[in-house]
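Supplied in structure tokens, the structure appears directly below.
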Amino acid sequence: MKPVNIVLGVIGFDCHSVGNKILEAFFSEAGCKVTNLGVMVSQEEFISAAIETDARAIMVSSLYGHGEIDCAGLREKCIEKGLEDIILYVGGNLVVGKTPFAEVEAKFLKMGYDRVFGPDCVLEDVVELLKKDLDTRLKGND
Amino acid sequence: MKPVNIVLGVIGFDCHSVGNKILEAFFSEAGCKVTNLGVMVSQEEFISAAIETDARAIMVSSLYGHGEIDCAGLREKCIEKGLEDIILYVGGNLVVGKTPFAEVEAKFLKMGYDRVFGPDCVLEDVVELLKKDLDTRLKGND
Amino acid sequence: MSSHMLSRDSFNRIRSEILETWPTGKDLSLEEGIEYQKKIPTAKNFAVAMRKASEAGETLLQPRAGVALIQDHIKLLQYLENEGAADLLPTTIDAYTRQNRYQEAAVGIEKSLQARTSLLNGFPAVNHGVIGCRQVTEAVKKPIQVRHGTPDARLLAEITLAGGFTSYEGGGISYNIPYAKKVPLKKSIEDWKYVDRLVGIYEENGIHINREPFGPLTGTLVPPFVSHVVAIVEGILALRQGVKSLTLGYGQGGNMFQDIAALISLKSLAHEFFKREGFSDYELTTVFHQWMGGFPEDEAKAFSVISWGASVAVLAGADKVIVKSPHEAMGIPTKEANAQGLRCTRQAVNMLRDQKFPIGGEHRKEIEMIEREVRSIMEAIYRLGNGDVENGVVAAFEAGAMDIPFAPSIHNHGKILPMRDNEGYIRVFNKGNLALDDEIVAYHRARLEERAKAENRDVCFQMVTDDIYAISKGRLVGRPR
Amino acid sequence: MSSHMLSRDSFNRIRSEILETWPTGKDLSLEEGIEYQKKIPTAKNFAVAMRKASEAGETLLQPRAGVALIQDHIKLLQYLENEGAADLLPTTIDAYTRQNRYQEAAVGIEKSLQARTSLLNGFPAVNHGVIGCRQVTEAVKKPIQVRHGTPDARLLAEITLAGGFTSYEGGGISYNIPYAKKVPLKKSIEDWKYVDRLVGIYEENGIHINREPFGPLTGTLVPPFVSHVVAIVEGILALRQGVKSLTLGYGQGGNMFQDIAALISLKSLAHEFFKREGFSDYELTTVFHQWMGGFPEDEAKAFSVISWGASVAVLAGADKVIVKSPHEAMGIPTKEANAQGLRCTRQAVNMLRDQKFPIGGEHRKEIEMIEREVRSIMEAIYRLGNGDVENGVVAAFEAGAMDIPFAPSIHNHGKILPMRDNEGYIRVFNKGNLALDDEIVAYHRARLEERAKAENRDVCFQMVTDDIYAISKGRLVGRPR
């Protein structure tokens, strides 16, 4: 993968920092230039960081259950700020309570996220998907 | 309870002896005269023992799962041998596999057992029911 | 009865008789069985798997499972090796076959076909014959064993070994006293001599077959020394017939320290007596059975019992653990429940495999206690048998010098009453005629008095009943209600 | 910042400010709260329950639970005390309230009403106010505690104590470093001084309120000495403000021997430092948290982790165990799943409660190791604070002499890297600036080299990652894949 800028962070008032540290290490290893905003990141902070670093993708984590509230509207705000093309991934324990993944996925796809991941996702697969999505966007831009 | 003769045993080729020993101790304590045939008792042995001891009730155990096969026909054989009035109780893990108790109960009631008990039955309650059933039969005989 | 290796002549004479007892035995060729076994890949050999586990310090997982029909049984086993990740597979035999009631088993197969579900509590291997067994053993990837409870298991052994099974559970005592009512011990031991000799013949032909005496007996408050004596005696009898791969078993008692002491002493005591009998060419491994008594009905609680058993198995260094399911209290588990038991166990085994359990002084004492108890009974057996274990053990059961608690057999005295002490160790409350010296008995008594004092009641029979129900009612020691 | 008891004047000044921060705080009367608490029956007092458990050698069970709406929350708690047989109840506070975002919490309540299910991850006690809290605490029979993760928990404390809760979790370090990003440690410690003083005032008025510093911190590979130091420091700070009932916590590490050593040393070390600070009039109890790191998704495996945690809690002699559910890896548990966790735990606790764990020589060594580590850091804290713990701990975090692994706070150095040794003990791989003497560090390193050798790789960062995933992937030590 060509070095690509991505922004990473845990949204809302979520303090779960372990997965975030692992994601940073993993995506860096995989060749991304990672801007890790850490935990407790607002939608605004994600967007400014993406603009500043000219990022191609934002990786949103939400573990603590408030994902449904915290993640809504990010796509719209991105478009507003001119990030029409940015890839939005979201992952973690996205809703309150054990819920069939298909339901969760549908909910977040509808919110405008490109891909949705459960806590059990295999990071190697995520990188593959990211490469694919980056390629598609590039072609789309041609 | 007035001393009443009962016959106890584990039907078929079932070797589970622990519950049987406990039932013997319990019913004796509760004032029954218990003829305990132990494990691996055939229908014929139950009936002869009941006739010999002039028993008012037969307590059949089946733990090992073949209850459905082993217990069928006992009521008919009792009637054949002149034990029209005898009380038949059956208890244990009566069928193969975890099954809702209502289903199991229906099956064995249909076979002609007066009462059906799961492995979790409270023995104190069983004695109460036995007293009640003995009373009813007595009155019925008047 | 003789305490030597069964001669080939006697073997052949018996063989021709027993093969006649059911059509599937007819024309069974031992040679063809041996040739067939030679083609089974080493990775599927049970004896090899046990040895390797022991060398690597691993604990292998094995469930129990068996249903009436071949295709269903195959699906069940494949599910357990794929979804359950079992290391070793079983084929549990139904209770009619165990009593040689092949006719009833046939009815069970018939009714199961009609009901579209198994009405038998196991796989009727004799009825399905060698061809049926081979369908099963060929359909799985893992080593596979016959698990049953058959006093006369000769035909079953002939058919299943020719059918590709590479391990066979049971023994002349452990598959009689807890499993039968009227079979004389002399007879079952004689019949198992045949089974062991059959395994010996396979061994002589280069086929490694694992043999596993059934450790837990009645599964109910069995003091370690009782099951150890049976395991050691059956081990000796098996080795005499040429068995080479032996797995001795022990059923979880519930107190962790006693259980660990039991498993450690089982191995050292077995070596001690095998050596005394002049054996040195054998492979000895151990198996730990998760709680074999009454289970709690609630599945969350059952999981706890399963996990605890798995933990102790690993801490005790067992080479294999036999796994229960969350359905245990209710009925034969579905394949899903069985796999849940396996996954719960796997988690515990893997979390604990690297943790070393150092044996301290307190603990050493319990090991020595078990050693004394076992030696005390074994000496009585040798004495009663004029130096011969086989004659001795029969005489010991007759005299009650050896006695198994709560067993159904009329050939067992049934006078021994076990009970838990204040910490949950299984002790002897009533020794009956058990050949235990007075010092040992006094020690047990003292420990029981401790409990009685703590519970403010006398040592009494009610305690035994309370102890029997304890685990299923959610604790270890049956305290007054 | 001062290391003395907050004066009543300062307390009152702060009080009037913080009560203004949300409408439900307005006009809150401390006197009325105290009067209300006086009417709560002793059987529902948390501090009393903890003391009694400790005296009787029992281990009490407590789940975590909290939902957005009052009625649902009551139903949940009643279910846990009836179906789950919990000994102690929680009220887990939602994450908006924890960050004092009462406006967001209000939105969460609104959305939960609409969705007819809780969209908040806890009970927003501030929004529900004293009246709401009293509805909850009056609806249950068991002692009930506030469990949260709030750096500034002053308003929450005022409302919940007046609302009838008799125990309050948290502390200035343990509810900041693992739970917040930018809150200065000085500030959170100062704010918790207020909370402790509030509890002290209740105590002075005859109301016994239990305080529980949060033991597990980030729940991820926390070496015992790290959480012990936090627990001891927070204990001292609480005692200074007049707290009398203290429960110190520890989160399961995974190696049974290290965990038992940790719980034993936690108590003795706490007494040692409390004495050094001149305290003698307090009740000290302990709480053991079942595995606080990533759980396996499979419920059968999760049950195994739960049961194992329960077992170690009992063997370690914890007075309380915090219970997880089989849903842990996925989401906030349903009430049914939560009760399953309780029943699984109860079974383990009851099976093990009578079993005594003798501490052998090997084991004694680990206890001494933890003692050395804790004393080493505590000395640094005293040194950096010129004899004062409060100033010292702030300075120690600033200097990295004290450091919590994987924490989100920017006021934590985050240089320390823990890792499991070959037997699963948590050791320090990279000590950062941690105030550990060279001998200790060398010992840790040697144990890690053992593992590296066994795994045929160098001691490396990958091991840390492997260890983080290990339990959720079904083992303890993250061996190479």
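Going in written order, the chains are labelled A, B, C and D, and every chain counts its residues from 1.
Methods note: a residue touches a chain if its C-beta (ideal position, glycine included) is under 8 Å from a C-beta of that chain, and two chains touch if they have at least 3 such contacts.
Note that the coordinates shown come from a computational prediction; the quantities given were computed from them, not determined experimentally.
S.K.: What chains do subunit A and subunit D have as common neighbours?
M.R.: Common neighbours, subunit A/subunit D: none found.
S.K.: Measuring centre to centre with CA averages, how many angstrom lie between subunit C and subunit D?
M.R.: 45
S.K.: So the centre of each chain is just the mean of its C-alpha atoms; given that, what is the distance between subunit B and subunit C in Å?
M.R.: About 31 Å, centre to centre.
S.K.: Starting from the mean Cα coordinates of subunit A and subunit C, work out the distance between those two points in Å.
M.R.: 55
S.K.: Just how far, in Å, is the C-alpha centre of subunit B from the one of subunit A?
M.R.: Distance between chain centres, rounded to whole Å: 66 Å.
S.K.: In subunit B, which residues are in touch with two or more of the other chains?
M.R.: If we look for residues of subunit B contacting two or more partner chains, we find none.
S.K.: Would you mind listing the residues of subunit D that make contact with two or more other chains?
M.R.: In subunit D, no residue touches at least two other chains, as defined above.
S.K.: Throw together a list of every chain pair that touches.
M.R.: A-D, B-C, C-D
S.K.: State the interface residues of subunit A toward subunit D in the complex, per the touch definition above.
M.R.: 12-18, 20-22, 25, 38-40, 64-66, 68-69, 93, 95-99, 119-120
S.K.: Under the definition above, what is the set of subunit C residues touching subunit D in their complex?
M.R.: Contacts found on subunit C: 254-257, 296, 298-301, 303-308, 310-311, 326, 339-348, 350-356, 358-363, 422-424, 471, 474-477.
S.K.: If we count contacts the way the header does, which residues on subunit D are in touch with subunit A in the complex?
M.R.: 95-96, 98-99, 101, 104, 107-108, 111, 117-121, 149, 178-182, 218, 220, 293-294, 297, 327, 329-334, 337, 406-408, 410, 461, 465, 468
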